[in-house]
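Quick heads-up: structures coming right below.
The same subunit A turns up in both complexes below, where it pairs with subunit B and then with subunit C.
After this line comes the complex of A and B, so read on.
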């Protein structure tokens, strides 16, 4: 048994060392981010692959959507060409890590501004408004949160919907998935009574998928969605904010809305309910 | 390191570890059973069945386990068969583990020397006596290390079940990262819990191996 003890001690030592190493790696990246981006000739932007119409990959394998549309414009104004953006596909729960570990310069993956997230990343000014919604099958529609008692609610890991229900309704059982596609498939398979997500996403999804209605269209507080940079990356943050102000003159976010969101919403949603121009809520 | 956060999350991890363990025990038990029968079918070259077993082993060993799980969870609903996540997890891991266990058993069975079997027959043992007293004890002892490795492999492989919304260890870690962004703490706890789970199993199995293989190790 002496040998076993020694092995255990060695293993623990290695684990602790790994933990310490992970702790050390945080301070290193405070050099000029804009210069690095310009030198590399490309900006790495984290977007979704499975959240149409905000960020998705089309049949040709190209990134498309509202967030992507705006990110391309950023690349054009920063580097002179909209092709100089490298899209990195992220999951909801991994968005903060992608920034922290320097795998992306900017997150434009429909990232809702929250206090918890503000502690870990820096948000630029917002470009979109959002609240939570609940979508459910027509036959057994959920029109009020109280109807969810004793039922399973599907959410996506790392989204505001998950945090909201964990905090405010701890007795509703949550079924949590990594990807939007999996979560919506689970709803279709009847694994939960309803699905909670950003209402802006649910409106588009319910319009595409007959038999489902957004029974609760606005829940919790009205939040905003903004580009995010690594904590302390003030240069890029300022650039994005100035860019958003500059784009206001040509109503560019409205243009992005017309190009990417209008086809998905039809006339069911008004542009001003979603779009924020110039980084300021009017 | 935020130790307050670690202590706060311990109960979550503990609960998740229990799920990981439960799924593992079922999956290991059932794959041993499945593997055992498959290996017998192969060893005794049962017509038709042995072809089916061979096809099964090839499919099971040459497709990723995550995809097997997705097929059970998302695929079968397309043809109207909705299995619970727990059932999918155990079935998926059994499907995977069964083939590995079968191969482990088979290697043991085939390691039993022809002379052993012939000697058994020559002293008038019946076929079932031959299997019980001559083939199995020797085969089992040879298979033991491979069976152990497979058992540990299956425990580790349970980390994929978070993909079907089962709150196992991997799931909890990813969830905590997604909600509170405490990557360091969540990942360190994850590694520690798998070690806490696997080290005793590993030691236990080594002890068991010594017992089963006393022929090699001595009493």
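After this line comes the complex of A and C, so read on.
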């Protein structure tokens, strides 16, 4: 009767040992170069699924938005057909990991260029610029960061807003959420005095939600948004940069703006305040 | 434009997408709950082993799963190990590892709560080790651990909402996609979609509770 216990123990030991072994056998870095993409006949692009107007899924279940519009064009120019892009739906908090583990070739999920992220991924030239903004209810509008002392500010985990406030205003209490949906709902429920996010997103949101105004429209440094590739994937990086330069001639990013962003921003924002053509800031 | 919020649920393929999301949630949750139930009973019995080394190994496994958040485990398995498995399979593996550990501890508690003479009487009757467990220990244990096990199962079902972070689009994420997409036109979208998702979760969790109630009543006699 001791036997059974011993067998069970042995089985468990083996399972655990296998688990540990798997932990050690790190996969060698794949050459996720243009060759592989062309051979597979598709490029995997990480986009958002719930961040209109940049990346979202419509009622038909199709990916739409500014980032998606540009990604489709990349696929068309690289592989000859815009349907040869495979969209991987990513979350803000795990965008870097998707690239590092090679689950996507390219991230185009409203990815703001920061020094910290540059250590982990390689950014191509930007196609958009953005600054932080703060939106608050009309009744108790926040027009200056100093008004936030002793109040709660809503931010999204893993975004530039979170980093900015943690670093520069450690005494402001932050309410952190994983999802945009939750964050904006929290503002509506009055759980925080204001919400900080990319100003473009806030303009679009405030335009549709009466009673809320973007009291602080530009905060911190102006950031840029760019496609990102896995660290060291120079081939794809160069291709993206050349592609952006080539697209400048036909003002393609402006076309994408008109198609995807203008309906959301209306005339409250001018296209040249948002888009970057040819990967160069004028 | 139709401003009645409930229409958002039925617009385009939304309903189908929500139900597909529910299917993903149910598949991950139910498969892991089943695996956890079976392996958990085995682990629980192993945990009562008289060898200290075996107990320590089990303890380390249990504590590792308990102390490290499920989200971190999902990231470790999906991104760090980077196995060529889909996000859904990785979710099932991680949830099974978690469920097995928790279930193991529940089973251990239940087995240890049985009076020692139960085992000794069995041995005195000449039953083998396996027979003692098969006919005496496990039937009594299962009765005692039922409430805790059902609690664990429903907890696992609800925790599946984490898997979206490794790219698995389950029911809650579909809901958020629909809300974000429609909130500008239908401000009450979040109320209706979350309400509908509440019903969907209820539809999975309630039968589990019902089953437990029935089993408890049945075994009471």
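Simple rule for what comes next: the second predicted complex is superposed on the first by the 253 of 282 C-alpha atoms of A that agree within 3 Å, B and C clash if a C-alpha of one lies under 4 Å from a C-alpha of the other, contacts with A are read in each partner's own complex, and residues count from 1 in each chain.
Just so we're on the same page, a residue touches a chain if its C-beta (ideal position, glycine included) is under 8 Å from a C-beta of that chain, and two chains touch if they have at least 3 such contacts.
Computed from a prediction, not measured in an experiment: that's the story for all the values here.
In the superposition on chain A, contact of A:88 is made with subunit C only, not with subunit B. Of the two partner chains, subunit B is the only one that A:120 touches; subunit C does not reach it.
When the two complexes are superposed, the chain touching more residues of subunit A, out of subunit B and subunit C, is C.
Of the two partner chains placed by the overlay, subunit B and subunit C both lie in contact with A:100. Contacts of A:248 after superposition: neither subunit B nor subunit C is touched. By the touch criterion stated above, A:59 is placed in contact with subunit C alone, subunit B being left untouched.
Once chain A of one complex is fitted onto chain A of the other, the partner contacts of A:185 extend to both subunit B and subunit C. Once the two complexes are overlaid on the shared chain, A:77 sits clear of subunit B and of subunit C alike. Contacts of A:166 after superposition on the shared chain: subunit B is touched, whereas subunit C is not.
Once chain A of one complex is fitted onto chain A of the other, the partner contacts of A:157 are limited to subunit B, with no touch recorded for subunit C. Counting contacts by the rule stated earlier, residues 4, 8, 22-23, 93-94, 97, 100, 178, 185 of subunit A appear in both its interface with subunit B and its interface with subunit C.
Residues 4, 8, 11, 15, 18-19, 22-23, 92-94, 96-97, 100, 116-117, 119-120, 157-159, 162-163, 166, 175-178, 182, 185-186, 189-191 of subunit A are the ones that touch subunit B when the two sit in their complex.
Subunit A makes touch with subunit C in their complex at residues 1-2, 4-5, 8-9, 12-13, 16, 22-23, 26-27, 49-52, 56-61, 88-91, 93-94, 97-98, 100-103, 178-181, 184-185, 208-209, 264.
Contact residues on subunit B toward subunit A in their complex (touch as defined above): 1, 74, 77, 82, 85, 162-163, 165, 167, 171, 174-175, 177-181, 183-184, 187-188, 191-192, 195, 199, 203.
Partner subunit A is touched in their complex by these residues of subunit C: 11-14, 17, 42-43, 45-46, 49-51, 54, 57-58, 61, 75, 78-83, 128-130, 164-167, 169, 173, 176-184, 187, 190.
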